[in-house]
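Please read the structure below before turning to the comments.
For clarity, chains are labelled A, B, C and D in written order, and residue numbers in each chain start from 1.
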């Protein structure tokens, strides 16, 4: 994994009720303290009157020490303007756990990007409910953990998984065609931090076997959707979607084959946005900063 | 409308149980009788073992008289191979009735193509359940008929419409954002000959207000679907679909605006395929010959 | 054309050398004077160190009178920060001249949007070097002026055209498949205010007959490009591009047919962005605000 | 690599001057000899009067022995109808050599498909002009051969490469971002059997650094093109192209990043079509059977 040298920056992801001057106030805070803004994208939802922003600034001459930024921001602005926010630092490398089952296409796509240094992420562990993908994990020298899951063992196994994730200090989980519904209690440990790929353009074809359903309906497009996992199946905030054109000549098998390429790209785009701290969730929808 | 000079051709659209030699037999029939094949597209559904074909041949040296082709084909092959078929002649100009309500975008797109001679079709009449579009019909010098429809008058009004369509010798109907569900008895007069545009990528967002539903769900793509109308709402054979990318910045209004461009193109592609006799319906799906 | 009621707003399109605090300063200027920002999109080109912004604010409670805004802004900021800018007001309806030749598809698409009220624009006159499209102009009740152009008459005819455009107080020109190169002296009267549609994905297939060239090369995609006209042929700032998939089955004729739909949409998207004051030109490229 | 059980079939790829009855004749040949046609796609180029066909039939009951099919076909039809053709058998697994330089994205994409059994191909050797990718080759257990090339050593090194390819009985070569022009004499050994990926939508941006050129021109789309290598640089028959949308916010770096995903998919689609024997080259263009 090649090393990327970047100046240390802070990233603020936030939303609050919109008010005149909020943008001037917050950019002023950064400027006045010596921060050089290197990225700013903001959006106002005029219907709900909410102000969203992602702002990133160079810390080199920023007079507030890194570990105090949150305190200052909270004290000065968060309460006053009712701001919901998270502050990230670009020199922290987020830690991903990859969950897989029997298919390798998304897994390879993610591991290829990872090992080529495309993403600033660490992937210390791969978790699976089937042993099949251990051979792929080994190619990349990543710890592979097998948790067979039945209705009876699910609760216990998920607890073991959670323990493992804690041990590895995992920040977020990617379900790369992980063919097992994750329980509500598990999800609660990773709110908006589990990314799934569903092999249809949601909300069409929720649930199992969407390619079969697409074939039955005779659609002319198939799709894939990456989303954060919530307790309602396939109903979490959508991060990215894309489609491919199909025809009457396609069979379920060719739909699956074409769909794999979609799944790879749609999942990877979502993971990249997540790693880059460019996604904000608000009322079950995503704001994707550019 | 500019005149297009084309040699007279016959078009056979057909399907039958697949059997070895069916293709050789049918192309042989045309060749042996002096027909020069100018188009052939065939497809075999190996799952259902059905052979589909669209074949078009020049009639100049074809020894069977035009009006006898159907008889010959029926006698020689249709019964023997259990062929379902239709024979068309390219010198017959199909007659379309355009149904509109209050929006002009699809209507203009269709009438612009029609008056520019893009399509070999006649549009002698425009039908509407609202008077608003009469002004547009007048720009193009096309008869506009207003049939206001209420729950009480629907049956009677549809009968009047059917009378008008018969009078105008209408072959097929295009619902260009016609905002009124057509009754089962009406549909039966035009099986697979009523084309509708639905403003979502079906089967997502069936029914009313799909852009509002898409906005609520937070999708990253919106779509449009053209299909033949069947008695089940928005569930008929899909002819064409396409999508446009949207983001968190879109409002219902901008979705509607972006969607209009989709609707136009997706409806027009379907109408063109229909006019060109390139669509075959089989078990609620379309085979679209290229 | 339906009437759209909108609050009066001012729109500032600008760029200047980037400097810390420029955003806070300019948004502060608007806030402090009672302007409610309803739109803000900014972009920093870090390579060239240029700050670009489109900002729009409600004038209702803005204390600076409309006609003084430019003076104030110029005095307070433009010189100090070396800002290049234009201020627009959304209650002014820009005036477009439509230039056409022999093809109607882009013309209809634009006039349909115009008459449906999709765009806040006035189109008082259509100019052509061929008489063919007069019939279409008449359908829409728009003044049609025919200027036949030969090598010998070009200079004189363009002067007459310029006189007409002045008379009609034309702000910008749309070349809707206008098949005549516009002279350098003509272009100088409308810098970055003449929008052309070229029927290829530039820079491929510059000049005449791009569909023929695309066919010869055997490409699998055809494209269309809308751009501002500069004195170098087909080399002006690109506003929008799109493509359509083609295959070995396509002929030059079907490429032209498929291309028409591309041209319509790509030209209309550019015109819409221009009308909405969302385009800024910098060093022969466009910044397209969203 | 999972094993795929398929019935043995023969595949005929051919073209000849079009003549009435050619299709009936050739399908008749297969039927009469007990072959069951499982695939047929044909195309007539009416401009050049050429008939193209890909036909595949089950060999189970075919009375002509496999090794005699070519003789029979040649004797009975090829001379008579002036047919250019190749016969393939689906139980032969084509052998690919992968050429790489310093970038891993296309290489991983291909090797992931290969090891997952997506493609019926053998990849016994990876060739490179740089040592960097040996680590990736090792992950997949594939022989990696390093041939450093300078202007002086090129001729000699290419001879060594050709020897290696012969030793490994290589059928075709894939240049997966191989950053070295292949010589004319090398190409002659693999006519229409070297697939390259060029990182632009050809014919735009031929040659080196197309992303830099695209950035300079300010395009709104970037593309990738896979093609067969001919002696003229980037001018060989195009197999597949695709594009991605970009904006003024993109830098050369983000163009390169977005482009990588395009390159992967566009190259892999071409390789798949080649493996499936679905490409025919005629006069520097490809016919891609579906």
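Brief remarks follow.
To be clear about the criterion, a contact is a pair of C-beta atoms (placed from the backbone, for glycine too) under 8 Å apart; a residue touches a chain by one contact, two chains touch by 3 or more.
Chain by chain, the UniProt names read as follows: A, B, C, D = Formyltetrahydrofolate deformylase.
These numbers were taken from a predicted model, which means no experiment stands behind them.
Counted as hops between touching chains, the shortest connection from subunit A to subunit C is 1.
Summarising the inter-chain layout, the chain whose CA centre lies farthest from the centre of subunit B is A.
Centroids of subunit B and subunit D (each the mean of its C-alpha atoms) stand 38 Å apart. Separating the centre of subunit C from that of subunit D, both taken as means of CA atoms, is a distance of 42 Å. The residues of subunit D that reach two or more other chains are 46, 249, listed in rising order. By the touch criterion stated above, subunit D contacts subunit B in their complex at residues 20-21, 23-24, 27-28, 31, 36-38, 40, 42, 44, 46, 245. Partner subunit D is touched in their complex by these residues of subunit C: 43, 46-47, 201-205, 217-221, 223, 237-243, 247-249, 251, 284-288. Touching subunit A in their complex are the following residues of subunit D: 104-105, 108-109, 112-113, 115-116, 118, 139-140, 249, 257, 260-261, 265, 268, 290.
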